[in-house]
Amino acid sequence: MTNSLNDMRHAKSLIFIGSNAPEAHPISMQHILHAKEKNNAPIIVVDPRRTKLAAKATDFVRIRPGTDAAFMLGLINVITTNGWEDKEFIRTRVSGYEELLAVTKDYTPEAVEEITGISAEQTRHVAKVLAENRPTSLTWCMGGTQHSIGSSITRTFCLLQLVLGNMGKSGGGTNIFRGHDNVQGATDMCVLADNLPAYYGLAEGSWKHWCRVWDVDYEWIKSRFPKPELMQLPGFSLARWYEGVLGEEKLYQDTPLKAMIQWGCGANSNSQYNRVVQAYNKLELLVVVDPFPTMAAAACDTDNIYLLPSASQYETSGSVTSTSRQIQWRHKVVDPVHNSKDDYQIMELLVNKLGFADKFYKNIKQVPEDLTRELGRGALTIGYNGQTPERIKKHMENWHTFDIDSLQAIGGPCDGDYYGMPWPCWTDEHPGTPILYDISKPVAKGGLPFRNRFGNEKTYDSSGRTENQLAAKGVCNPGSEVEGGYSEFAEIVPGTNWKTDLSQKTLKVAIARGMAPFGNARARCVVWNFPDQVPIHREPLHSPRPDLIAKYPTYKDKQKHYRLDTRFESEQNPELVKEFPYVITTGRMVEHMGAGAETRSNQYLAELQPEMYAEINPRLGNNLGFRDGDMVWIESPEGSKIKVKAFFTERVDEKTIFLPYHFAGVLMGESLIDKYPEGHAPYVVGECGNVVTNYGYDIITQIQATKDGLCKVSKA
Amino acid sequence: MARLKFLCDTERCIDCSGCVVACKEGNHVPVGVNRRRVITLDSGKPGEKSISVSCMHCADAPCIAVCPVDAIYQRDDGVVLVNKKTCIGCGYCFMACPFGAPQFPKGEVFGARGAMDKCTFCAGGPEETFSAEEKHLYGQNRIAEGKVPLCAGMCATKALLAGDADVVADVYRERVFQRGSGSNAWGWSKAYDKK
Amino acid sequence: MAISRIRKSAGDSAVGAGRRVTLNPKVARRSFLKISAATAALTGVAMTSKMTRKANAAEKKSPYAGSTKVRTICTYCAVGCGIEAEVHNGVWVRQEIAADHPVSRGGHCCKGAGAIDMVTSPKRMKNPMKKVNGKWTNITWDQAITEIGDKLLAIREKDGPDALHFNGSAKVSTEMAYQQRKFAAFWGSNNIDHQARI
Amino acid sequence: MQRRFSSVVLIALTVLFAGSAFAGELQAGGAVTGSSADYYGQLINVITGNWQEYGQLFTLLQSQWFSKIFLVVITAVPAVFLLHYLIIGAKHFDHDGEQIYFFSLFARIVHFVAAISFSLLVITGLMIIFGSFFGGGMIIRTARYVHLVSAMVFALPGLLMFVMWLKEMLPQFHDIKWIFILGGYLSKKKKPVPAAKFNAGQKMYFWFATLGGGIMAYTGYIIWGFGATVDTVRIYTMLHNALGIGIVAFYLTHVYMSVFAIAGSLESMKTGYKPKDEVDILHSLYKY
């Protein structure tokens, strides 16, 4: 989120795309409904389903799954043709705007209607509402990202906010509600195949930076890798790691995967889950570290599996980063129960056994506080350095002193700080940055311009136009020494820049000069390192509209995509819809979480939501000849199928089937409940919805396309 | 004398069942007994509304009137409680209740209903305050501690209000006024059908 | 209709001699209420809690004498709701309402309201386990770590570090997530990822 | 007849299934599909039903009327009989003279089993109605169990009596006459009254006890397990209570007649023999 949940209280309108806050983020509704009630803010919900959020909305826009980009570009088209864009904002803080217009001119409301199924009139209406009620808070979740063009879709969301001039403003911003409790923190720490902590990437310089932080010899780390070039090659992603085991596809490493450590990850949130199960059984070693057995325990038939009981999060401590980028300290409530050990203990046992404990724990005397300090020392790009354990704990102790509207402490020991010191928090004295890219405040008080990351000037491929990428003259945070755009800080300490200066002198100098360490640039509409420099609509790989595939085809197949090849063009088959006529999409329910291992083991939650089901429109169900409550088979083009109960509801339209994805314990019609360790099977089991989610991955991030596949349905 | 009341604001209730689990977890209510539940009308259709329902602690409670053994009583602050030791599980209170609040766990003899269980407003029961027996039979006695009931305190959107009837009414009135006060989506444009 | 049978007196003998606390009539109610209603409307929170709390202040008493309150954070979604855990003799006895948390204001969804179940659920794993001839068997931590470690080292020796994939987690603390990434780096592979990808 | 038989079948069913599960527990009701709210949406219809109509009526009757009426019945009826006993007194017949074999051994056994279980039903039923008098709790809970067991026990002899005496219990014209003179009980004179094996009063009690008993058993079964929608349960409860009023009244009458009003009739029911003059007078149309 660029802003915070509490800041949404200031929004004058709110638009949600692929987000169902009452089910996925219920407490955020407190602030959303506040904006609706207090500011009379219209709430626009764009979703294939009439969700519980739509029940609170002023406008519900039913969209065909996977066409969000087209709708956004359509909104930009209406806004710009009517002159509702924020001209001053675009002139001073946005680059590549003309190139954007060249793309959006084709997305007229009528063209958008053809793609998305949203009437041209509704597109115009929504554009008008957004234009008349600024600032708009824009929220998306997995409904916006889990597509083969997910990265393009999310960019169109940002572009809309740039065109409306809603970025860096209270009540505006792009507010992505993150899923898991610490998914922001874990992402920031880059438990990712293509990055080192704090998004440093995998370049040699990044490795050297972190080796300095870890206080280990770079050559030693290098010696740990089979080949130096593998240090810079992203590993397998969570979305497709199992292909590395199954060996049916070409791999970009010398060995197939033979062992797997699955630490706090339910894995039945993986699409094509039946293939994951195959991979489990082919592994030589599978280690599951979790408080609950998880589906892996039941799915794995072979003797290769170990279950290590980790303590729950309440039995250990550490910091967690919320969706608002706030860092809070999760205090330990009780000691680990049973014979479980907390994560740190298990890691220590493992590292000791593997023989690199002396190097691994060189700076770590006190767990977890020394870890917080070490990661803060290195994570300069996103400003994790100001949030010392002491400060985080102080915020926890004094959380009652923070104002609900501004999230700023009023008096008390944290006076002036923003709650949780939302990153970037550049120094020990910095209050945190409650709103990103907000130039109304000095940098030292939590203001920031756009980051200068991609050079100072660029000639665009599409137009041949050359544009300065730094912010326009006069646009800067109050007190800035340079009145206008400036590049990122480097060479304050010779041989370093603001990202690699471990002394943090660069940061302090920049802030003392009233400037952002990362420069003051424009937000890009043209991303020249992406396949679509300006995002466009492309049909989902498995599209229900064969007629549109010709006009909006997907990408060429992608080679060497996280150590695998990913099919795009060769997977898109206009004939597929004839056999698999319905769109399948997945989502959350409020009673369960993620893969559901925790929540399905809670008797009360299991009681509330005891069964897997498929939401089917009554008209579709009646046409297919089954009744509410009948068991149906849902089959995917990949040949997998699930047997679930039909639940008739008008939440979904006649072409769409919705599956909650939290269930596990039943696989392709066969119950695995007896395979759990005795006494540890969850209270409720059900088919994994992700068995039938289709092939399809984003071209940049390799996120799985679970929201726009195809399927067929028959009575069981 | 202050009277304690519940009020659920349907404009805010998002059907998250937080109140349901807060109640069950806090009072160790067995599975199958629902002191509180959320009901959604027109689910999945335009105009969908949810409401959280439990014992409403009626001023003139029909359950008290019909109980053949006088197991149900009302405290001075309006909280309606049941004495589980007196209750015979006949179910008359359930028939009389307009909210379906009384719940019956399965008893042991001939499939009989056990003693009636319902929302206590987190005020425990007739046993000694904070005694193990009170906790076992009725759950927490938060009113004696000076705390609000768990369901309302943990309501995600503060849709569920609990407390003194006058304050609850004031809060709700203020909210309704606020909703109607603007000149935008809910105000004039709505009144005059201005698109 | 029912008035005739409603007992107005809380001290009725048929009800039992239990001590029952009712609101203190001595508090000057009307004026006090005005203030609390105003606060409630401002924050949108049912501040009536304050009402009962203050009215009962004179008789305040806790069922868990000497318990401590631990402020912690809910482990479900990323909203980051506050939890006040009441701990008595090392046992998490109940979840209190974290009404002062600046984001959640005491609110929880059904998952967060049952957060205590993460610790108390009988379904929790109790011991390290492995499968022996298709049957689940309890093992000691020592055995588990020794066997896993030996196997990992053997695979590393034979196939190299890239034969291991590490699925980390968005459910652990930032420090632990950092350690997971650091572990992969020290192990010598980029085969590490977590749920943010999907 | 159809109805009668269906209720007979139901009594039999009650006996068969009573011990097993009373499946109508609310928590188990309703297909569980969809979200919790839909689940509860289904449930709430089962739960509150049409409260405005039936719930309110039930509340009114249960809180204001049933217990009062029962109180009137169990005080007024004995009081009337006390007056009758004091003013008119019991009828005495010659138990040493000629006897007529009136009831077979089988009939007597059936009657006694029925009598005991029926008495228990009435007593425990009244205990439940006046539960607050006993302070509720264990006593009344036990009374409920006894009520259930007695109902199950009564079902068989009830059914047998019904079959056994059905023919004699069918109404006849002389019954009207009997009713007009109230069976001659208002006079001290021994004047033959128009009645065959059973007089009109016995017939009425018979129908209340068997047909009414069948309805009581069925409604009771439903109420016990909440085996229907709440509205049905409410109606059945009202029916159960209303019918109970009549049954209690007739039960008391029967007890008074057999124990007090006709001296030695209890003995007759034990031995099976009635004095000839008693039969000639009270059952003047009986062909022996």
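A, B, C and D label the chains in the order they appear, each numbered from 1.
Keep this in mind: a contact is a pair of C-beta atoms (placed from the backbone, for glycine too) under 8 Å apart; a residue touches a chain by one contact, two chains touch by 3 or more.
Bear in mind the structure is a predicted one, so any value in this text is a computation, not a measurement.
Compared on C-beta pairs in contact, A-B and B-C come out with B-C as the pair having more. Centroid analysis (C-alpha atoms only) places A farthest from chain D.
As a whole-number value, the distance joining the C-alpha centres of chain A and chain B reads 38 Å. Centroids built from CA atoms put chain C at 24 Å from chain A. In terms of their C-alpha centroids, the spacing between chain A and chain D amounts to 71 Å. Across the assembly, chain D contributes 34-36, 38, 59, 63, 135 as residues in contact with two or more other chains.
Contact with two or more other chains is made by residues 26-27, 30, 37, 590-591, 603-605, 608, 649 of chain A. Residue positions 1-2, 5, 14, 44, 105, 107-112, 114, 117 of chain C are each in touch with at least two other chains. Against chain C, in their complex, chain B makes its touches with residues 1-2, 4, 16-22, 24-26, 60-62, 64-65, 70, 73-77, 83, 123, 125-130, 134-135, 140-141, 143-148, 150, 152-158, 160-164, 166-168, 170-171, 174-175, 178. Across the complex, chain B meets chain A through its residues 11-12, 14-18, 20-21, 24-25, 31-32, 43-50, 156-158, 175, 178-179, 182-187, 195. For chain C in complex with chain B, the touching residues are 1-3, 5-10, 12, 14-16, 18-23, 25, 29, 33, 36-37, 40-41, 44-49, 51-57, 59-63, 94-95, 97, 99, 105-114, 116-117. Residues 22-23, 26-27, 29-30, 33, 37-42, 50, 52, 54-56, 58, 60, 125, 133, 590-591, 603-605, 607-608, 649-651 of chain A are the ones touching chain B in the complex. Within the complex formed with chain B, the residues of chain D that make contact are 18-22, 25-27, 34-38, 40-41, 43-44, 47-48, 51, 55-56, 58-59, 62-63, 67, 128-132, 134-137, 140-141, 144-145, 148-149, 223-226, 230, 233-234, 237.
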